[in-house]
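Heads up: the structure comes next, in structure tokens.
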């Protein structure tokens, strides 16, 4: 029988997930709102001195990015598993790794991309030096997919389990820590006028690694969870 | 070592061999550690810079090394279990985790104690220290995931996958001192050829390391035995093995 | 398919050898072997909780058995998953519908992964199971029986050779049950295979219908 | 027929939710782990200078509190609605407002209380002055339940209005903002040696208000959602 | 209950007047009135999607009808919700079980809200529906029929006067279906009321059984 090609399947999956997200227009705005919230709340919770804000701006940006993707990871596959559509996906003739990668890509388009786009605004609000903004955007664009991919693998591993509170974050954070370190370092370098290319290359390498390995980890984890 | 584990794949066989080996490693560990402690505390010369404070190195470095070594072993065992579907390998991986976590904790604790006089603070957010902390979290994550899954089979496979993914962190910890310039001591022992450490000090360190290693093997065998027994609790050989004692 | 020789048609398409499965500390089943040929329906029955659904999941390749293997067209399923899944369709206890998408959108996605089916194929399958107006409301608001009908339409439109049906009659009204019987009969006539789990007796006759009782 | 009293029902509900969260004793540690990890991330993403860390310590604590309660709130009732247990709750002879309050209390015990308990440790790690610790703990203990209650009302609404998510977090922000401001101010006052009583009283008043009003809002929203 | 006079027992316990319900732009039903007396079973039938479940939800007080009212023992349900709900038990299409808790824990909570039932009550109800060993595994791993049995045990142990059963036979094996029939018969003998939605015919006889067909 003629099975549709990998590309077709990939696009179908991405399109369906976007369609679902657009059904709940609210959900679409959520990660973005969250990101804005975190970054505006910080100045509120702190002494809003520009110097201090500037010093913590990269940290806030990066931690917010991390938390946003971390907390969204929780729900990445749960609904699909609960309503049984994941079962059908695992029984489709398409490779599960590809389909889960597609789901993660869709998830990134919904949660990660807005974050990248919003980062100049947030940076501005936190008095991030203007020179650091492009670097930060690039670094975020490289880092957020990694966060999503790693989050996805861990979510696939824990999806069959009861809401374990911090279990998922316990699993994700150790592994994404390098991403955070390099990302924050890139912003920092740009702020102090050093060339951040090294850190960015490292992030790009990590992204490649994640894209090539995590789909298989996700698929393996999902098959275990569905068992 | 791992082909060795692979060969004795069947639980009863493993149980018998482990029962025979455990006391050897146990006694070796005891002897080596006693010798190492004696040597480290009394025989080794005082460091010209740090005076006697440096002697904590005899606990710190072996436990830090073991924390990494055990993780790698755990991941290898887990991978073997996942790929060849060997239950025994999963049992060994499960047995490794708490031991590894203890050594990690020990490394952190001794490091902190050492750090207070050396750097004037218990803790700094430096790359090696942080990544060692992350290693502790990795162990915790592995154990938490196992605990969260009721079905043994699934717990084995899921945690094995996690252990394999977590291996990424090992080189980061190992080479963090070389990649970032940090407060922490860069590699001193492992510089082959010409170690930058006095050989009088080094020998006792190596003895301690060997002692810790034997201790690990003894404990992991004991724990794995318990795991194996618990898993095979309603099989005939278990009753025979227990009654045979 | 048309030109298969006598010998070929006698070899079973789906075989399972010596399956064993554990859940918790309980052995659900062991030593189960079965063979299903083309145009054959295997009706599996047994009391609640005896492991029928678990067996179907093993046969589908969703669950790894403790021992034993499943073979489709002579090849082990675990090795050639994509080939097997492209010829198999599973209707489980759950409907596997995205509550926020309509029945039409749901099937559009599910079938899009399996074959280049056009819009009309899906529409006509949905019509056949009696969903015309209801095909475009979010499936969250469909009734239980209507959701079941969507699952059945998915199976119909998938053009799969092997149907694995876990209590397809659930929640269906009388007309719906008759439709399922009729649909299975047609499928068997077209050289299809059916694995059926149902507590009720089915209405398929005149074909190779085998019964298997699980303890 | 003799219906069990309100107290019994309340305790039953709290106990069941705790049971769900902590099937295994080990899972008790999970929420704690979450906070430890979040606070370790900050120094990583920032320059780990003690002076800087000290300056942002209150911000980190407060933002972590806000995130934990608001983001977890999103899913507070969703699973119950999806698996049908909320339906049975609405059909029980006990007042729905009480039961939802109990669910929120359980949620606070799982997410809020660990934060309060952990705050000294986190404060220590971030070099928060020791004098500010007791005030911060009290302020957190008063503020986190408010955050949970407000988040719960939002959750009850969003479970039903399936497309209101983003809009609602926009609506919730103004309500939560005062809590954050007063809380952070209390910490700040204690750090600078001013008596923080005023801010704490205000928080207590807000808490009373929230406890007395939000349960009815939650119940009404939930009945609409279940319709 | 024992001393109710003839007149009282003739007045219906549950009444509904002129119910009308819309879903989307579709009127599901209108002008539905019904009255159920003690020891009476009302069997509601109709094709898939005709609105049976929706009607039951209106009668339970979960859904607000467009017009009309539901009356229990002479008092409007919307006004005296707690009284009504303490005497009513609803078994819906979904099982309403927390997947992570065992059947026993689930019922312990559900019943704890309704009456001071001890451990034995729950255990014996679970035993009666045939769940002994399976009562203590997380209900996520129960089979579909076993989950249904838990719902039925909840109904049994609730000691409610009015049972509202939406397709209770779903996923049950033959023994299970017979048990449900027998249980309803007993309930009717104890002056209980049953509202039953089922596509199959039920096996309750010798009592006031009324049929209602929805279009």
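We call the chains A, B, C, D and E, going by the order they appear; numbering starts again at 1 in every chain.
Assume a residue touches a chain if its C-beta (ideal position, glycine included) is under 8 Å from a C-beta of that chain, and two chains touch if they have at least 3 such contacts.
The shown structure was predicted, so the numbers you read here are calculated from the model rather than taken from an experiment.
If you compare A-C with A-B, the chain pair joined by more contacting C-beta pairs is A-C. In this assembly, B is the chain whose CA centroid lies farthest from the centroid of subunit E.
The distance from the centre of subunit A to the centre of subunit D, with each centre set as the mean of the Cα atoms, comes to 24 Å.
Averaging C-alpha coordinates per chain places the centre of subunit A 37 Å away from that of subunit C. Centre-to-centre, using mean CA coordinates, subunit A is 46 Å away from subunit E.
Centroids of subunit A and subunit B (each the mean of its C-alpha atoms) stand 33 Å apart. Counting partners per residue, subunit D has 20, 23, 27, 29-30, 33, 37, 44, 162 as the residues that reach two or more other chains. Listed for subunit E are residues 99-100, each touching two or more other chains.
Counting only residues that touch two or more partner chains, subunit B has 130, 137, 140, 144, 148, 150, 153.
Within the complex formed with subunit D, the subunit A residues making contact are 23-30, 32-34, 37-38, 41-42, 44-47, 52, 55-56, 58-59, 62-63, 66-67, 71, 74-75, 82, 162-167, 169-170, 173, 177, 180-181, 183-184, 188.
Interface of subunit A with subunit C (complex): residues 1-4, 8-9, 12-13, 16, 19-20, 23-24, 83-85, 87-95, 99, 226-227. Residue ranges of subunit E in contact with subunit C, taken from their complex: 23-24, 46-53, 93, 130, 133-134, 137, 141-146, 148-149, 167, 170-177, 199.
Within the complex formed with subunit B, the subunit A residues making contact are 153-154, 157-158, 160-162, 164, 167, 170-171, 173-175, 177-178, 181, 217, 220-221, 224-225, 227. Interface residues of subunit B facing subunit C in the complex, by the touch rule stated above, are 150-151, 153, 234.
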